[in-house]
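In C-alpha cells below, several structures.
Here subunit A shows up in two complexes: once beside subunit B, once beside subunit C.
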Partner chain A sequence: MSSAAALLSVRSLSVRYSRRRGPPLDALREVSFDLGRGEFLALVGASGSGKSSLARAVAGLTPCSGTVRLSEASGARAIQLVFQDAGASLNPRRRIGAVLEEVLALGPQPRSSALELLERVGLGREQLLAAPHELSGGQRQRAAIARALAAQPRVLVCDEILSALDTSVQAQILELLGELRRARGLGVLFVTHDLAVARRCADRVGVLHAGALVELGPPAQVFGAPASEHTRELWGARLRWPAPHTRP
Partner chain B sequence: MSRLARAVLRRLLVLLPTLLGITLLTFALLHLLPGDGAALRFGGEGADPGAVDAAAFERFRAEHLLDAPLWRQYLDYLGPFDLSPRGHAWFGGSGEQPWGGLLAGDLGRELLRPSVGIAGELAQRLAITVPMSLAAAALIFGIGWPLGVLLAVRRGTAIARTLEVLLFALYALPTFWLGMALQSLLGGGGLGWLPVVGLHGRDADSAAPLHYALDTLAHAVLPLVALVAPSLAYVARQARSSVLEVLDADFVLCARARGSSERQVLWRHVVPNALTPLVTLVGQTLPWLVGGWVVIETVFELPGMGKYAYDGLMRREYGVVAACVLLSALLTALGHLASDLAQAWIDPRVRLD
Partner chain C sequence: MSEALEVRGLRVSYATRSGWRGAVAGVDLRLERGAAHSIVGESGCGKSSLALALLGLVRTGGRREAASYTLDGRAWSLERPETLRELRGRRVGLLLQESAQALDPRLSVERHLRAALGAAREGAGRERVLELLARVGFDAPVDLLARLPHELSGGMRQRVQLACALATGPSYLIADEPTASLDALLARRIVTLLASLVERERLGVLMVTHDLAAAAELGGALSVMYAGTVVERGPARELLLAPRHPYTEALIAACAAREPFDEPLRGLPGAAPQGALERDGCAFAARCPLARGACRSSRPTLLKLAPGRELACPPRAEGAGR
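Showing the complex of A and B:
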C-alpha cells in the first residue's frame, strides 16, 4: 500500500502508560502503516503486544504521540471503534433505537434512518426497541457495528470483536464486514488474536510484538514465509488439537 | 396480575413473618433488661420500700400482665385478644376490653402515663421527625450526590483532593460528638448564633406565624447539620466511586468516539448509569435516618420519635420501644422495596423477581 493511495496513514504512533511504581510502560512504539480504501488489515500479536492500545490510539481514545491522518477530508467521527465486549460498549439503560438516534443526531443523516442501519447489519424493527441485555451476543455486536456506521465512518477499527462469539456468528460478522468494505469502501483495521481469521480474511496482516510492528504484508507471505522470529513463534504456537484419545 | 404486581405482593407477604419475628426478638430483648415499668412507676429502684404501696404495686403488675409468663405477655402484645384481667372472657378476663394488641391495631398505652395512648403520641412525635427526616434526606442527596459527581469529574485536582479529605473527616465524625460540638460552638456557651435545645423558643406559641416558622427553622438548623454532615459525606463518596466506575466504561469511551460533547457524555451516559446503585442508598437511608434521630433528638432534646424511643427504653416502656422498633423495621422493609422498584424502573436490566 503506497502512502499516496492510503485512506488512513499512521506514522510513528507511540503510546506510553505511566505506572504508579516503576518506569512508564511503552505499550506502542513508533508504529507506522497505511490502510487503503476498502482494505481489511488484520493486526495480530500475543496478549500484551499492544493490539488494543493501537486500536484505541487510532480511534483517538488514548493519548498518544505520532500522527493518524485520513486522506479524505472527514469529520472527527471518521474513525470508529467497535469493542470486543459489545454489551459493555452499549449504554445498558438505552434502547438500541435511542443509541442509534443519538449518533445520527450528531450527523447529517435523519434520525429515521436508525431502522435502515439496523437492517443493513441484519437486524430489524424488533431490535430497535430492545435494550442491549435483551439481545444475543451476535446481535449486540451487530448493533455495535450499526452504531459505528451511524457516524458514517471511513475506517472501522475492530478490537477483538469476534472473540466472544460462536463460530457461525463470527462468520456472519465477517461476511457483514466484507459487504461494508465492498459497498462503502470502508477500511477495516481488524485487531485479533485469531490467526486463522487473519489468514483467511485479511488483505494484509501486521504482527505486533512488545508494542512494535515487526512484520506487515499479505497473509501468504507473513504466515508462509515469515521474516520475523516473533511471527514464526506466534504461528508455531497457534492452537493445535491433540490426537483423539484412544482407550487401551 | 402483572409480573410487577405479583413481585410486590410476594415481597409484602414475606414482610409479614419478618415483622412477626422482629416483634418477638424485640420483645425478648427488652425483657432481658433489668427492672420494669412498674418498679419505675412506684419510685424506681432506689425508692424507700416502706413508702411503696405494695398492694397497688402488685395490682399494677397484674393489670399490665407484668407478673404473667413472658409468652402470655407477648401474645397479649401481639393480639388480637386482650389477655389482661380486663381482657377477653375466653382467656379468664372480665370481658370489659376483649380486643387489643398489634393485630387489633392497638399499640397500647404508656405504663407511667396510662392516659397516653402510644399510637397517638407516636403520631405526634412523627409529625416532628418525618419532616426533619425528609429535609435531611433532601439535603443529603441534593448536595451529596452532585458533590460526588463533581469530585469524580474533577478528580486529581487540588480542590477535589481537599474536598475528599474534608468529606472523609466528616464521615468519620460520630453524630453525637458533632451535635455536641456544634452546640458548644454555636450555642449560648459559644458564639450564641443558634438555639441548641428544643424545637421552639419559650415564647414561640404567642409569636406570629412567620416568626414561629423562623424560630422552628433556627432550632432545626443544628440538629439537621449534625445528622446530615456525616451522611452527606458518605453519599458523596459513594457517588464519586459510582461515577468514576462508569467514566471508565466502554460505552462512555464509545460516546466520546462518536463525537458527543463532554456534557452530553456526562449527563446522558455517565450520570444516569451511576445513579442506579445510589437509588438503593435512598431506600436504605429512610430507616437509618430514624436511627440517627435517636441520637440527635436526645442531644438536642427534640420531642420526636427518636427521643420517644430513647425515653421509652430508659423507662422500660416496652410498648413504646417495641412500637418504635416495629416502625423502623417497617420503614426498612418498605425502603428496600421502594429502592428495588425504583431500580427496576430506571434500569431495564433489573427485574423484580
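Showing the complex of A and C:
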C-alpha cells in the first residue's frame, strides 16, 4: 500500500522500559510502517522481539515516542486492541449485552444495537444475556471482537488472538476478520507467533527482531526470498507440513 | 517381552451436577519404546485426560477405569497407591505446557534438578545435574545452576522442566502440549529434542498437541480424537497427507500450516462437543457431510483399514474396501 492511501501511519515508534537494575530496555526501536484500508498486516518475530510492545504502543496503551496517525478524522477510540485472553476485556460480572451497551453508549449516534454487533461476529440473541464464562473460547474471542467493534474502530490491533483457540475455531475467527475487512474497510494489525497464519492470510508481513522492523513485504516474498538473516532463521525453523513425496 | 505401555478400554469421567460425564469413552492405546505417538484433537476431546490417565492421574472430581494397563509386559493395577507412585515419574515422565507456574519461583535450576533426582536416588550430585542439563540441549549448563525461573526465557524453562522429567530415568514420556505458546525457534527445539529422545535414548514419547505440523515433525503414529474417542489412527505423515475420517479432513482443511499455502482455509462450522456423546451413534454425525441413518444410531468402532491404519467411519471404511 502506498502511503497516500494509508489508513494508519506509524513513524519512528519507540518503546523504552526502565529496569530496576541495569540500563533501560529498548523494546521497540524507530519502527515505521503504513496500514492500508482493509489491509491485513501480520507482525511476526521470536519471543521478546517487540511484537506485543508494538501492539500496545499502536493502541496507545504503553508510553512511547514517535507518531501513530490515522488518515481520516476519527475519534480517540478508532484503534481498538483485542488480546489473546479474550476474558480480560470482558467484565466477568456483566452479561455480554451489557458490556456492549456500555461501550456503545459512549459512541456517536446513530449507533448499532448490541444484538447487531453480536450478529456481525457470528453470535446471536442467546449470547446477549450470557456471562463471559458461559461462552466457549471461540465465542469469547468473538465477543471481545464485538466489544472492539462497538467503539466503531478503523483499525483493529490483534495481539495473539488465536493462541488459545482450537484449529477449526482459529479458521472461523480468521474468516470473520476477512469479512470485517471487506465489508467495513477495517485495517487489521495482526501480531502472531504463528508463521503459517501470517504466510497464508496476510496481505503483508513485517518481521521484528530485537525491537526493529527488519523486513516488510508480501508474505510470499518475505518468507520465500528473505532479505534478513533473522527471517530466514525463523521461517526455516517452523514446524512443517509433510511433503507429499514422503508418502509411502 | 514387549517393551510398550499399553492401555485398553480406558474411560475417564468427571462428576457434574447431572451425574458422571464421560471425557474419554473407551480408548485403546499402545506406546512402544523407541517410538513416538501423537494425539491431536480440539479442546474437550479428551486428549489431556487420556494423557494424564496414562500416568494414573485424573483431575479433581474425576474417575478413570481401564480394562487393562500393561507396562513392558507386566499388568499394573491403577487402583493401588504404591504402584501409582512407582509408575509416575519413575517409569513414565510428564512434561507440561510451558508456563511460569510449572517451576517453583523460589528455587534455582540446580535445586529443581536435585529435588527431581533425589526422588530417584540418594546423593544426587552436581555432575548428574549438569549431565541432565546438557541432555536437554544447554551448551553451558554451569552458568544456569543458580538461575531462578523468572531469569529464564520460556523455552529455557521448558527444557529445565524436561530435564526434571528425565531425572528419574523413565522409559516413557508423556508431553502435554509441549510446543503451545512457544515461538517457531523454540517449538522446533523442543520437537527436535523429543525426537532425539525417541531415536537416541529409545524413550517412548506420547505427545498431546493441537498442532498438526508438530505431530508431523515428531513422526511416528498419530491418533485423532473427537468427543472422547479415537476416530482415526495411522503413521502421522501418511495420515495427514491422506486422511480418511471426515473429521480429520475438516481439521486439516482448517489448519493454517497445511501446504501449499495458496489453498484457502476452511473453517469447520459449529463447535466441537465437550466430552463424550451420551447417546449412541457417531459423535461427528451432526457436522458430517457423509452422515447417514446408521451413523446416528450405532457407534462406529475403530477398525483396521490397512496395515497401521485404523478408522472409525463405516461409510468411508466401505468405500476403501471397494
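Basically, the second predicted complex is superposed on the first by the 235 of 248 C-alpha atoms of A that agree within 3 Å, B and C clash if a C-alpha of one lies under 4 Å from a C-alpha of the other, contacts with A are read in each partner's own complex, and residues count from 1 in each chain.
Keep in mind that, in the parts below, a residue touches a chain if its C-beta (ideal position, glycine included) is under 8 Å from a C-beta of that chain, and two chains touch if they have at least 3 such contacts.
Everything numeric in this text was worked out from a predicted model, so none of it was measured.
In the superposed model, A:Ala171 makes contact with subunit C only, not with subunit B. When both complexes are overlaid on chain A, the residue A:Ala151 reaches subunit B alone and has no touch with subunit C. Touched residues of subunit A were counted for both subunit B and subunit C, and C has more of them.
Of the two partner chains placed around the shared chain by superposition, subunit B is the only one that A:Asn91 touches, whereas subunit C remains out of contact. Residue contacts after overlaying the shared chain place A:Ala59 against subunit B, while subunit C stays out of touching range. Contacts of A:Ser136 after superposition on the shared chain: subunit C is touched, whereas subunit B is not. Of the two partner chains placed by the overlay, only subunit C lies in contact with A:Cys201; subunit B stays clear of it. Within the complex formed with subunit A, the residues of subunit B that make contact are 249-251, 253-260, 268-269, 272-273, 276, 346-349. The touching residues of subunit A, when paired with subunit B in their complex, are 56, 59-61, 75-77, 79-81, 83, 85, 88-93, 95, 102-103, 106, 131, 133-134, 147, 150-151. By the touch criterion given at the top, residues 45-48, 136-139, 163, 166-172, 174-175, 193-197, 199-201, 219-220, 233-235, 237-244, 246-248 of subunit A touch subunit C in their complex. By the touch criterion given at the top, residues 42-43, 153-155, 179-188, 191, 210-214, 216-217, 235-238, 240-242, 250-251, 253-259, 261, 265-269, 271-272 of subunit C touch subunit A in their complex.
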